[in-house]
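This structure is in structure tokens; I'll ask about it shortly.
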Amino acid sequence: MVAPVTTSAGGGAAKAAAPGRGPARGNVLAWLVVVPFLAYVGVFLVYPTVLVLAGAFQDSNGAFTLSNLTDLMKGVYLQAFWRSIELSAITALLGAIFGALLSWAVASGRPEGLLRRVVVAAAGVLAQFGGVPLAFAFLATVGFQGFVTKFLQDSLGVNLFSGSAWIFELPGLTLVYTFFQIPLMVIVFLPALDGLRPQWREATESLGGGTWTYWRHVGGPILFSPFLGALLLLFANAFSAYATAAALVSQGSPIVPLQIRGFLTGEVLLGQENLGKALGLGMVVVVGIAMGLYALIQRRVSKWQ
Amino acid sequence: MTPTPVLRLLGVGALAIALAACGAPPAKESSSGGTAAATAKSAADFGGVDKLVEAAKKEGTLNVIALPPDWANYGVMIKAFTDKYGIKIDSAQPDGSSADEIKAAQQLKGGDRAPDVFDLGLNVAVANKTMFAPYKVATWEEIPAELKDGEGLYYGDYGGFMSIGYDAGKVPAPTKVEDLLKPEYAGKVALNGDPTQAGAAFSGVMMASLGSGGSADDIAPGVEFFKKLKAAGNFLPVDPSPATIESGQTPVVIDWDYTNAAQTAKLVGKADWKTVVPTGAQIGAYYNQAINKDAPHPAAARLWQEFLYSDEGQNIYLQGLSRPVRLEAMTKSGKVDSAAAAKLPKTEGKQVFQTQEQADKAKQVLTATWAQAVG
Amino acid sequence: MAVTAKPPRKVAGTVLRVVVLVVLGFYFILPLVAMGEFSTRGINNTRSLDSWTGIFEDPDLVDSIVTSVELAVLSSVLMLVLLVPTMAWIRLRLPRMRRVVEFLCLLPLTIPAIVLVVGMAPLYAWVNYFLGDSPLTLTFVYAVLVLPFAYRAIDAGLAAIDLKTLAEAARSLGASWGTVLWRIVVPNIRTALIGASLLSVALVLGEFTIASLLNFETLQVQVNLIGKRNAGLSIAVSLACLVFAFVLLFLLSYVGQRRRVTVVED
């Protein structure tokens, strides 16, 4: 089986040995095929990121400085980081738990059934639309003029906002974020649940074990890694989220993405973009750690599949 | 294993070189208008106003940015200009901030969509002088000296005082800033923006400061006031907009008097919206007009400027209940629209205008303390 | 399987299942219903479709819808053109690059859009210089943002077919690489490609951060703007988008059903 040596428009000239063996002399030319992809990602992803990370270490004249980073460590910015982390952790946990439950409810149904199709399609949509429309949806529901607010006011005399306008602050953000965290969890976790073969369940039962035994000794351990991985992904997702917060919160910048917005669009304090880049660096570090752990867990999980 | 690290190294190397070499792209040739229009410093440089009008009409379009139709009557201004000269106006980002205007000019430089003219807070204008082209309008002499840059790079166009707008049907009329701390205003008082980001909100905090015993040098009492406002449960962290005012979400709004006053006409029949400049706390500021040095339509930009500072343009500002910069001169010459002038929100007593140094000092204090106060 | 009485654990399981579905269903459907209710409010407590018809009457809004749809299509195409040949080639010839590509495709998730946009401005100055400054230049960024999701989908698709055998067979019959790609690989992973495209469409239609901070007027930016003037209209548009994307994805789940291929894993 000798592959004909051809030059073609499609994949670059590859003087190849039979496909299946590792690349031999056609090595360099084989790399050429992936160069467009690498170049593209390099220009449109790596370059802007490097710009931001480099800018974090520069002052307004371009000289090297660590002052941006030290400024980060104090007061408002550090608080913003803590609040971001808190918000992300809480919504990740809520999203993971309820998302896992929902995934389980769906996975234990028929694979071709209507329920599954609807939930999967809805999850795909809602996980992405976590921005402006979602903020408005929540305002339409529990905002001052909202459906539920009015209902509670008129029928039960309960004023949702007697304490404060919580929906425009962190508690509101927490409620809104879970709306896209749960669907994301469903998308990520459902395949893992599908991986649980029914034979294992039957095997447990034939050995005399009950539901609890099954989950404790079979289902639990198998699902633990995917669950943890999904949790990390949700954390990273919430931490990076900007659009929803931008649409809801206008006073104060309680979380880091809003702080960065302030540096980009603010007209009161000028010339502090490098501090904004330092904030960006901080975000990349936090999210990078979460995603790094996620990737490690994915490696382990893929051994099962 | 060898190719991968080599490739990576190559990639990183290429990146480093690219980073070093990268600067701004070479400036495009100006696509419209001769260079003559771009360096004209007054109508005389065109050979008279008629030639200016001719040159502008040939360009046919004007790009403006961050001019909400409800703000100082810009909606009417834009329509009047188009009706008079037949020049189409492309109004981008009506809700943008002054900083957004500068950013847009930098990003779109050399292109056809770049903004031709700017309407900026003083802060942003002073910081970006290098982006403007000097131009002195026909009525230059009538602009008060403290409100214009000597070379004509930027000068005030209209201004106003910070005010409290309120729905008279829902809350009692406030006369002083401290009135807002009363329980009748629970959950009702909104500030237009975040003071660490928006110039209007910054002046709002200054107004609160003046009304709480502070001065143009001292913003701390203002921050303290908002802290008390929040503690009393009166502060509403919602960004007020025409939609929120109409729907009743924000019954009390701290904003420029012309913005608040513009709502009164709009809400006739729906809400009894009134505006008051609180006694003893009158802080005013002027916005500033400037021409983009790299304007894609330089003649049209200059014609727009002439229009804004003509009697007609200044009266349109006045009808929007803002104070045009030539108000004094026009009142003397009798060209002012006195009916509109009579409708301006009353101000008595000392009028405070912050200098740049006072504003800078206040900003430092604000950034350090605002988040804690209302966070 | 007819059983006279269900064993207790099955009943408990079913009850829990129903409870979960009902509670979460309520949680998700309520805001959507509220959006529908809000957008059909007329004056004086009547119902009216003014907000919905208003969508077509606002020229800026219609422009932005067209822009976003064009962006969605272009980004999907660009993503497919970039990823499919690369991923297929790597599977066939450069297995060692797999880690690198996987890492690169995961990278956009690690770099928040808000951070990315800060570094984008100088880059876009160049892009505008070469290509003028239409909002369609956002395609380049969006193709990058979509990579993580598209990668997973296409990877799953490629894993499900026996790529090596198919490629060998085609090559031995004299097909060029282009033919292999276009007439062998693509038709076999069609479902995965459709899935990846729809994920990108959903992402592009929902993207706000980069478009707003680079000052382009896409659908989401316009919706946010309108929300300040006319809440009913912006909510009507948002609801329309959600429903549209949902219908697309729902229909997709039927498309992939037609062939069952038994695959020998290697």
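First chain written, first letter: the chains are A, B and C, and each begins at residue 1.
Assume a residue touches a chain if its C-beta (ideal position, glycine included) is under 8 Å from a C-beta of that chain, and two chains touch if they have at least 3 such contacts.
Because the structure is a prediction, the values reported are computed rather than measured.
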| item | value |
| --- | --- |
| Farthest chain (mean CA position) relative to chain A | B |
| Chain pair showing more contacts of the two, B-C and A-C | A-C |
| Whole-Å gap separating chain A and chain B, where each centre is the average of the chain's CA atoms | 38 |
| Cα-centroid distance, chain B relative to chain C, in whole angstrom | 39 |
| Chain A-chain C separation of Cα centroids, rounded to whole Å | 14 |
| Chain A: positions in contact with at least two other chains | 31, 38, 46-47, 50-51, 145, 264-265 |
| Contacts with 2+ other chains: residues of chain B | 3, 100, 103, 239, 247 |
| Interface hub residues of chain C, defined as touching at least two other chains | 97, 122, 227, 231 |
| Chain C residues touching chain A - in the complex, by the definition given at the top | 9, 12-13, 16-17, 20-21, 24, 28, 30-35, 37-39, 82-83, 85-86, 89-90, 92-94, 97, 101, 103-104, 106-120, 122-123, 140-141, 143-144, 147, 164, 167-168, 171-172, 174, 176-182, 198-199, 202-203, 205-209, 212-213, 220, 223-224, 227, 231, 234-235, 237-239, 241-242, 245-246, 249-250, 252-254, 257 |
| Partner chain B, residues of chain A touching it in the complex | 27, 31, 38, 42, 46-47, 50-51, 54, 75-76, 79, 144-145, 161, 163-165, 168-169, 249-254, 262, 264-271 |
| Chain A-touching residues of chain B, taken from the complex the two chains share | 3, 7, 11, 14-15, 18-19, 97-100, 103, 121, 123-124, 127, 187, 191, 193-199, 202, 233, 236-239, 247-249, 363, 366-368, 370-372, 374-375 |
| Chain C-touching residues of chain B, taken from the complex the two chains share | 1, 3-4, 8, 22, 24-26, 28, 92-96, 100, 103-104, 106-111, 113, 239, 241-243, 247 |
| Partner chain C, residues of chain A touching it in the complex | 1, 3-4, 6, 8-12, 14, 16, 18-20, 23, 30-31, 33-34, 36-38, 40-41, 43-52, 55, 98, 101-102, 104-105, 108-109, 112, 115, 117-118, 120-122, 124-126, 128-134, 136-141, 145-148, 179, 182, 210-211, 233, 236-237, 239-240, 242-243, 246-247, 257, 260-261, 264-265, 273, 276-277, 280, 283-284, 287-288, 291, 295 |
